[in-house]
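Labels run A, B and C following the written order; every chain starts at residue 1.
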Amino acid sequence: MIEVEGLYKSFKVAQRNAGVTAAIKSIFNPQYKTVQALEDISFTIDEGEIVGYIGPNGAGKSTTIKIISGILVPDSGKCSILGNTPWKNRINHVRNIGVVFGQRSQLWWDVPVMDSYYLLKDIYKIPETTFKSNLDLLTATLDLSALLSTPVRQLSLGQRMRCEIGASLLHDPKILFLDEPTIGLDAVSKMAVRNFINTINQEKKVTVILTTHDMSDIEALAERIILIGKGKKLMDGTLTELKNRFVTHKTVTVDFAASTQDLSIKGTTVLSRTKERISLAVDLETIKVSDVISILSQNFDIKDVAVNAQPVEEIIVDLYKEFQI
Amino acid sequence: MKLYFKYMKVLFKSQIEYRTSFILLSIGQFFIPFLVFVSIFLLFQRFPNLAGWSLYEVALCYAVTHIGFSLSECFARGFDSFSGMIVRGEFDRLLVRPRTTFLQVLGSKFEFTRVGRLLQSLMALVYALLNLDIVWSYDKIITLVLMIASGVFIFTGIYLLSATFCFWTIEGLEVMNILTDGGREMSQYPLSIYKEGIKKFFTYIIPFGTVNYLPLLHILNRAEGNKFLYMISPLYGMVFIIPCIFAWNYGVKHYKSTGS
Amino acid sequence: MKAYYSFFKMRLLKGLQYRTAALAGVFTQFFWGFILIMVFEAFYRSTSSPQPISLQELIQVIWLQQSFLVFVMLWFRDSELFSLITSGNIAYELCRPTSLYGFWYARLIAQRLSGAILRSLPIILVASLLPNPYGFSSPVSLFSFGLFFVALTLGLILIVAISMLIYIFTFYTMSPTGSLLIFGVLGEFFGGLILPVPLMPPLLKSIVYILPFRYVADLPFRIYAGNIGIHEGLQGIGIQLLWIFVLLSLGNLWMKNALKKVIIQGG
């Protein structure tokens, strides 16, 4: 459905230092630096997938999204989305996609949301029946009915984001690009947005590509993640794969009937120890968690066990460190 | 075309959301050119003529320019304020919609407050026509209509051109004011009062002279030689928009390869 | 004082960043001046009777107008200040340990000054290189140049005092564009920027002399051109000082009132 092969893109950036002298100098001798924004990016995405596209700031996420939504032309590389090359058949291509930029609005600021929707209906030439049924579905699932008659400037950020997402789905796109859709939203609105993305993905088989800095978005939505850094693709796989590969330690915490017995298990380090509780960091390469628990149960009268993995956030931080990005 | 009117409807709704401001702006838009016109009027009280042109002749010249200007400012304002669209990154949004960028930018903004300016220039037109002794014939009426249409086209073309520059540089656009505001101020007087270089530039390259000065010679029976050429000269002003559209498309292409 | 200085430096730096814009501005102003001169030249050609201001003097006034445009234009706006007022973020400004009137005043002066530094000199320079009837020439005397300088400085102080009133007015209307436009246009007209004051009919001229606007641009520029003599010039400077006193006190008082209103409304 989406095939991307060998995308390259570089930008020229003007260099300028602070201060008056530097400002005057750059009048006569402007300095430029070439920044390689994308280097050999390839991936394939099938219908109905939800893919999290992640990486630190400046990694090239937006550049990729811009290229595959037809806004930018790459230096080289191929891309075929539902048979169209985005930068060659722009108008045909964009009929199939919906785009939400979390930081920007596509709704007309001073008029009720519904007016924007009607205008979009004409822009996309959406047939009356399709428009009606889509609108009904969106109103129901996103709980928009109360919002549609309000001018956009009076909506809260969360309400506006719901309307934005609604707006980009009116024309039945087969692919939805979400660029930081939950940025700045409170917990409740985040949940609503995530639930909705899951719903349309399942019911309408919409393929979703999502960039975000919020790892809980990824955990809640994406089965697959693509990680990029400094313009290169670093990893492509499922969240579980990512965890298996990069989660090297787990923490086992055990509550037991009071005991002062000493204990050392190979492959673990004691994080804390009181009379009734011990907390161990388990190196998964040396020993299995189940083995640790069984050793513990032989020595203590166990009351409660808790096993914690590193949160995804930390994994990502480790990942960034490992790839030095 | 239908879409264009829809855009208009939505934007009209947004503007009248701020009623007081809308009314004040319209009044202001009336006064700006009005005071310029009053100044011209007062100058004619002191001086007998302007290089052989009478007040009413200048008023006709003035009216044609200002009608063209206010109409194009009203309808093609999207291009006039295009730099803001680039700065705010809204142009990306237009590129993910299945319509031409030209139509979408055109529809992105309408400045209905220019109705004040339009009203003022229409008044100047009526004032000029009532006082001028013109024997109207079909060809003269056609010429006048062509002049006004040509004015709209040429200003729109210039807006398009200056919007195109935004793809390369956000700063430095002020120089385009020479062509928009400057062109308006200059062409509100008959072109013949200016120096040769300016006259040539604004006849052949940015053809303001073909919008009002040359056809005016025909209407006022001052034309020498082939009258038909004077009559259709506004068409040359209209053609001016074609290279501007090419430039625009080239600019969009550039934007898509640099993203800035 | 130091805060004002660093604000000024920041503006200047920002202006330098947009050097292409400054260059374009110079070019634009130059073009405008040229067009205006040609229009007036055509008018003057139509009569041989003497006018209250000679074409030569008028050309000096036009070039000064073009180069000191940022000093004399009323519509020169600071949209940041307007949005402060209309968005209610003015609350932050009230927490600052300076008088709001003084701070804004300094800010507006700094803006005009930095704008002028980048634009005035180049225009004056190029204009003085032009061939004789059109060129910009030296002042009639050193004394009148000194007088011009004083009047121009006072004019800047005066125009900012006037524009402060527009900013304060925004506290009440909450939408700056409309009132700014109407104020700006009328100020421009009564200041003699559209129709030179000496060329106005007597009745209009006497109205213009009552209002403060002409003391911003018309007075200093005509002193320079020699159209206003030393004696009348000194008189004009006296009236400038009077207006500055009146408008500054009025602005300060009005600002206090407007702020009271803001505080009562709770932002």
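Convention: contacts are C-beta pairs under 8 Å (C-beta built on N, C-alpha and C of every residue); 3 or more make two chains touch, one makes a residue touch a chain.
Protein identities per chain, from UniProt: A = ABC-2 type transport system ATP-binding protein; B, C = ABC-2 type transport system permease protein.
Just so you know, these numbers come straight off a predicted model, no measurement behind them.
Counting C-beta pairs in contact, the chain pair with the highest total is B-C. Summarising the inter-chain layout, the chain whose CA centre lies farthest from the centre of subunit B is A. Among the chains, the centre nearest to the mean of all shown protein C-alpha atoms is found for B. Centroids built from CA atoms put subunit C at 53 Å from subunit A. Put simply, the C-alpha centre of subunit A and that of subunit B have 47 angstrom between them.
Note: centroid distance subunit B to subunit C, computed from Cα atoms, is 28 Å. In subunit B, the positions touching at least two other chains are 18. Each of residues 19 in subunit C touches at least two other chains. Interface residues of subunit A, counted against subunit B in their complex, comprise 11-12, 63, 66, 69-73, 87, 90-92, 94-95, 97, 99, 101, 104, 106, 108-111, 115-116, 118-119, 122-125, 151.
Taken in their complex, subunit B has these residues touching subunit C: 18, 20-25, 27-29, 31-32, 35-36, 38-39, 42-43, 45-52, 169, 171-175, 177-178, 182, 185-186, 189, 193-195, 198. Residue ranges on subunit C touching subunit B, taken from their complex, read 18-21, 23-25, 27-28, 31-32, 34-35, 38-39, 42-47, 51, 173, 175, 177-179, 181-182, 185-186, 188-189, 194-195, 199-201, 204.
For subunit B in complex with subunit A, the touching residues are 2-3, 6-7, 10-11, 13-15, 17-18, 88-90, 92-93, 95-100, 104, 253, 256-260.
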